[in-house]
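Take this structure first; my questions come after.
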Amino acid sequence: MEFGGIRALDAFDLQLRQGEIVALIGPNGAGKTTFFNCLTGLYRPTRGELLLTPPGGETRGLVGLKPNEITEQGLARTFQNIRLFPRMTVLENVMIGLHCRTRAGVLGAIFRGPATRKEEKETIAASLRLLSKTGLADLADEPARNLPYGAQRRLEIARALATDPLVLLLDEPAAGMNPQETLELDELICRLRDEGLSILLIEHDMKLVMSLSDHIFVMDYGRKIAEGSPVEVRRNPEVIKAYLGEEESDAPA
Amino acid sequence: MAAPNVRLTWGDTGRALLTSLWFVFLTFPFLAVKINPAEQTVLWRWPNLIHVAVTTFLLSLAACLYRQYREARLDRKTEDDLPVGHNPLHLLWTRPGVRLPLLAGASAIALVFPLLFSTYQTNIMITALLYVMLGLGLNIVVGVAGLLDLGYVAFYAVGAYSYALLNLHFGIGFWTALPLGALLAALFGILLGFPVLRLRGDYLAIVTLGFGEIIRLILENWNDFSHGPSGIANIPRPGFFGLDLSLEGSITYLYYLMLGLVLFTVFVVNRLQNSRIGRAWFALREDEIACQAMGIDKTRTKLTAFALGATWAGMAGVIFAAKTTFINPASFTFLESAIILCIVVLGGMGSIIGVILAALLLILLPEYLRPLADYRMLAFGTVLVAMMVFRPRGLISPVRRTYTVRGRTISDEPA
Amino acid sequence: MPLLELRDVSAAYGNIQVLHEISLQVAEGEIITLIGANGAGKSTILMCISGVVPPRRGGIFFKGKAIHNLPPEQIVRLGLCQVPEGRHIFPGLTVRENLDLGAFLRRDPVGIRDDLDYVYALFPILYERRHQPGGNLSGGEQQMLAISRALMAKPALLLLDEPSMGLAPLVTRQIFAIIRRINREHNTTILLVEQKASMALKTAHRGYVLENGRIVLADQAGMLLANEDIQRAYLGV
Amino acid sequence: MEYFVELFFSGLTRGAIYALIALGYTMVYGIIGLINFAHGEIYMIGAFTALIAATVLSLFNLPLPALLFLSLAAAVIWASAYGYTIERVAYRPLRGAPRLSPLISAIGMSIFLQNYVLLAQTPDFIPFPALIPEFAALEPYAGVVGSSDLVILLSTALIMLLLSLFIKFTRTGKAMRATAQDRTMAALVGINVNRIIAATFVVGSALAAVGGLLIASHVGQINCFIGFIAGIKAFTAAVLGGIGSIPGAVLGSLILGLTESFATGYVSSDYEDVFAFSLLVLILIFRPAGLLGKTSTEKV
Amino acid sequence: ENIKIGVAGAHSGDLASYGLPTVKAAELVAGDINARGGINGRQLELLIEDDACKPEIATNTATKLISMGVKVVIGHICSGATKAALPIYKEAGVIVISPSATNTELTLSGDYPNFYRTIFSDNVQARTIVDFTINDLAAKKIAILHDKGDYGKGLAEFAKTYVEEDESVELALYEGVTPGAVDYSAVVQKIKRSGADAVIYGGYHPEASKIVTQMRRKKMTIPFVSDDGVKDDTFIKIAGEYAEGVYATGPIDVTANPIGKAAREAHRREYGSEPGAFFDNAYTAALALTNALIKAGGTESEAVARVLRTEDVATPFGALHFDDQGDTTGATLAIYRVVNGRYVPIR
């Protein structure tokens, strides 16, 4: 992937197995978000392949599909700069997530037959379930833009979950959260993994990354500079040099 | 509540004086001088400037008072923690005891309207209803899906000409033409939509504007097809089970027909808005990229909105042709699109009741302002500006439907 | 006399009141941090000070002058500068132009040149990207740009809203070092809003704790760090 | 070949005329993202003021250059004053309102101004004196290009150059671009946003006034409705070139003018606007942000 | 009870200058009759309604007039608006006399038996223009332009047919120009290239003056022949020296006719200005109508129609009545040429 001469992503490869949490870390501007954008079809990679094998299904290539088709295939994401539907209510935001799993069309909307009504009811119920899972149930009728930052991040996750994904891509979900909230997020992500979801995580909060990930990829200048378990990565001198910096305790004195 | 404390200081008066001087300067070349360039003569009209000075002075004092009044009100409301910035019309509308009687009253009046008023009044009411329909149609495109369409009138023209031409060449009647016109307009909507819907915001606006002009120019220039600028005359009015209706009868009939269609439109638009597809439209208006990431097919969803909007314009076109019995391309200019757009925005993008109010206002107002003759359009322009300045969000702001009862906790549901 | 003082400031968005009678002081040369949960109203306080969200009631005084009725640009003129939440880079302007705009009110070309070199030295990546539109930078790069832009204004009081958000650990530490450094070298007073409360408290002299739009605690930074309630609620211990 | 050259020059003139209006249009659009339908009316006001000034001044038997200069000054002063006032009255109160509200306000303003001039002066076409002098040196080429064509072409080029430099290098120019992109942040770096927007309207209106005088002098007649078509064409040209881009506005205008001219010359003027708009659609399909607009993918 | 006469047309906006003279003519004639005691003691009452020349508004105007009890109407001004309003009038048995709607179908189609007009129809005018161009100007290759409008194009279509019918001449160019465009040099170049030795233009004076100016500036001297819409003094004022030699058709010169002269003087007296477009036609319409009302003794439509069709009335254009289709009998059309800044009749 290149932008006018700048190579943002350079022969990067990564594997993610079902039920795994894989973290992607790297300095600012390394190309992590760009990688997400390629995965979700917003950018089209210049070269390379993206393959998805659903459990019990056959492998499918994702390159060239439109973003919405990729979502249908089972990839869902959140955004680094929150992109909710600010004037819609929290509940509606989640219901939008269910759009690609429901069918009612124009005629259904006009005549509102029993099938449509049932579908609509189920949509609401499912959305509410997702909201209570992410702790937003009380805010269901608030316009999304009125939510505090942390809640907006959780809403983005809820919305992504609503698309019923196989893989969840989280772009810095803990940014702007305080440690306490980050802990809650940690729990939420764990719970999702336990439900069988595969998660690809971009994050700069090392505590979160180290505690959650099964496997970590480190990239810099669009290239992979290291990979391995959290412990391995934390010790890797190249990673320390490019990203972590000299070890210095973050914990309160 | 005590009357808010407003008073004029010397400073305010001075400012008003300056404003009035500014306007005197501004209007000087136009109002004080009247040229006759042919004879190279100039007529001086000094008294005009005095009128301008006095009027603007008083107006700016009034504006000052209004500002103070509003600020005073705002202030108090925060103290009492009352809702701020809400619009009285809207509050009235959402108050539980008001809505039903209001609706009932309105429908009663609508039902007996032709019996109470003259044919002429009924006739212009038909026009107003026609614009309600157009406004609601465009509302789907602009208000709900957020696609700025400045060429809506093209679909209106498609509808009108389908009826006129189908009737002329094949003798097809109104009732057959109505769905056909709608269908053709929808087809045109899709035709236009395919290439241009990936354009964003104002780029879309100019292309739709261009499309509207193209349709009009083709109608104007392609004589063999459309009879050119001299138009098509003697288009039959809608029949009523083969009965021959008098003028009055057919206007009354058309009125009820239009009323029915408007109700139908309201029904459909309302259902669409509160459906899966309506939500997708709203979301698309908010954030396209997020929409795609949520699995919404951008192109298809936009096309649906576009085509549905066009459908209504097509229907309205058929009725328009049947009502005027004569059409020519001059009825389908950009100004028409602009007026329909004004209806949508003034109504408060996305609000059905707002659109209805705005259509009635904007169509009936010029009609009743007619005695003002040349000042009519001046007043119309002023009203548009003033409405937007005082009600920037439109007459009635749309409310998002809520699905749960406020305050209820749902956490006890199975996770 | 404190450099900045808020007296009973209340603010609201539409009909939702988010700040209730906030009072705080910042003395010259201090680093003050403001901590609180998401939605407590920290950003709103900064916006009130900058004049973007005018307070509904109360007074804000900067260098002894009432500023709560001034428009943002006049407040900036007095030497107060904010790095807002969400960075607010001018996306279509190049990195260099973004930096120039930071120095919009300054008239000393030589000083501006020096400061430009200074921020390029702080963040070499910005120098590399100086001809690229700001909007195309990665999130972290944008954060660096936003901070640099504020530094270009040479403010007497710098308001930082979550400067470490989205930054790599290495850079985060760098940023805090820079905060201390400009405070020391340029005697810039700093009001810091930060979610990484422990780092913020270690950097700051004093801190305020905000809950639901009210200040619930104000103390020396060290004391707050040691406070158990604070540790539980904000430090994730 | 000769025919081609003739058509080329007439297309160029037409394009330059569009450009004179499109430049101001694109500036105003660029800064507040408003399709300013009243811009065409400012152009009309400029032309009318020039006419009124010229008529009044001609009572004093001034020489032509003085007449030209003074009328131009009057046109620029009053058109700017109107531009400023419109912004103040009809757009500033709408900052922060939904995007389409100022659009409606602009349409209302446009209707108001048309009818204001109609009532204050006349609805009819009135002759506009030839304020641009005829150059004797051009006499042999009269069949191809006239004096006013040349003056218009040169003025357009000059204005474009000055304006580009102004936007790119001056403090005000930078402030304009910053304001265009993020108003809150512009205020936070110390830009007086209201003043910058007002300045943009003043500059844009002044340009429209220059255009008004030159074009009216070329065409030889004006009435109070000339602004409408001019506005639409300028809007089209500005979008074609990439809205907000100064050279884009000129390029778009020239392409529009040339298309119309060649369409007329080689096909039929019946459909010249159809060609123009079709070209617009075509170009936007391949370059969705216009010819010189930035097409970079949005960073998410 | 008063006799109500509707006066409909464009009375505001850009087309007001075409509609208002009709109002004034009607006022003058009605004022005269009322001063003389009205018709059978009943006063004439004018109901003036604006249709802005828009078909959709014209239908409202028509219904409004009918609602107010009008049985005879002077108007409408534009052909399109007239066509839209006529079926409504027809159904209500209202008689309509237009001073300015020239569209041929209005009379020739036979759809509107209640319609009369005091202006020549497009085909008649086109015939005159084409004949003049071929016979008097000896043109061999003719370019026909129009403004794509209702009036201009309608006329040009007929002119085109007539030119094509004539074996001895060639149609060099047939094209519509875009009204309101800033520059017509491309079209002018095209005329030049076509080798035409005369131009016929259907439309109004603003475009005509631009085209003529650019033709003359580009050193093209071929004759320019146009229609009633160009036979307007404004055209000469705007085109200035370039207007010299332009031909235009128009109603015959009434300044010599005593009735016409008196009408114009009355207008000057009453309104302090020169009468505008279609004033003479409107005055004629008002005279014919009131004459019919007087002779029929009321507004009974059959009787009024009979009088209109059979009895001559003295008008500025001479004594005339209407034929079965509703057009006037007798010549009302003349050709003018601009000489020394004035339109001078040449035939």
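Order as written gives the chain letters A, B, C, D and E; numbering starts at 1 within each chain.
Simple rule for what comes next: a contact is a pair of C-beta atoms (placed from the backbone, for glycine too) under 8 Å apart; a residue touches a chain by one contact, two chains touch by 3 or more.
Quick caveat: nothing in here was measured; it's all calculated off a predicted structure.
A.B. asks: Which chain's centre, taken as the mean of its Cα atoms, is farthest from the centre of chain C?
C.D. replies: E
A.B. asks: Farthest from chain A by Cα centre, which chain is it? Let me know.
C.D. replies: E
A.B. asks: Can you tell me which chain is nearest the middle of the complex, judged by mean CA position?
C.D. replies: Checking distances from each chain centre to the full centroid gives B.
A.B. asks: Measure off the straight-line distance from the CA centroid of chain D to the CA centroid of chain E, and report it in whole Å.
C.D. replies: From the centre of chain D to the centre of chain E is 37 Å.
A.B. asks: Measuring centre to centre with CA averages, how many angstrom lie between chain C and chain D?
C.D. replies: About 43 Å, centre to centre.
A.B. asks: Between chain A and chain C, what is the gap in Å from one C-alpha centre to the other?
C.D. replies: Chain centroid spacing, chain A to chain C, equals 29 Å.
A.B. asks: Give me the residues of chain E that touch two or more other chains.
C.D. replies: 13, 16, 148, 176, 234, 237
A.B. asks: So which bits of chain B are touching at least two other chains?
C.D. replies: Only 37-38, 221, 289, 374, 377 qualify.
A.B. asks: Give me the residues of chain A that touch two or more other chains.
C.D. replies: Those would be 3, 33, 42, 79-81, 83.
A.B. asks: Under the stated contact criterion, what part of chain B meets chain D in this complex?
C.D. replies: 22-23, 25-27, 29-31, 33-35, 37-38, 40, 42, 142, 148, 195-196, 198-200, 202-203, 205-207, 209-211, 213-214, 217-218, 221, 289, 334, 338, 341-342, 345-346, 349, 374-375, 377-378, 380-385, 387-389, 392-394
A.B. asks: Show which residues of chain A lie in contact with chain C when the two form their complex.
C.D. replies: Going through chain A, the ones touching chain C are 3, 6, 25-31, 33, 80-81, 146-151, 172, 175-183, 204, 206-207, 242-245, 248, 250-253.
A.B. asks: Of all residues in chain E, which touch chain B in the complex?
C.D. replies: 11-13, 16, 49-50, 54-56, 59-60, 63-64, 66-68, 79-80, 83-84, 87-88, 91-92, 103, 105, 111, 148-150, 153-154, 157, 176, 234, 237
A.B. asks: Give the list of chain D residues in touch with chain C in this complex.
C.D. replies: 171, 174-175, 177-178, 180-182, 184-194, 294, 296, 299
A.B. asks: Under the stated contact criterion, what part of chain D meets chain E in this complex?
C.D. replies: Residue positions touching the partner: 3, 6-7, 9-11, 13-14, 17-18, 118, 123-127, 142-143, 146, 215, 218-221, 223-226, 228-230, 260-262, 264-265, 268-270, 272-273.
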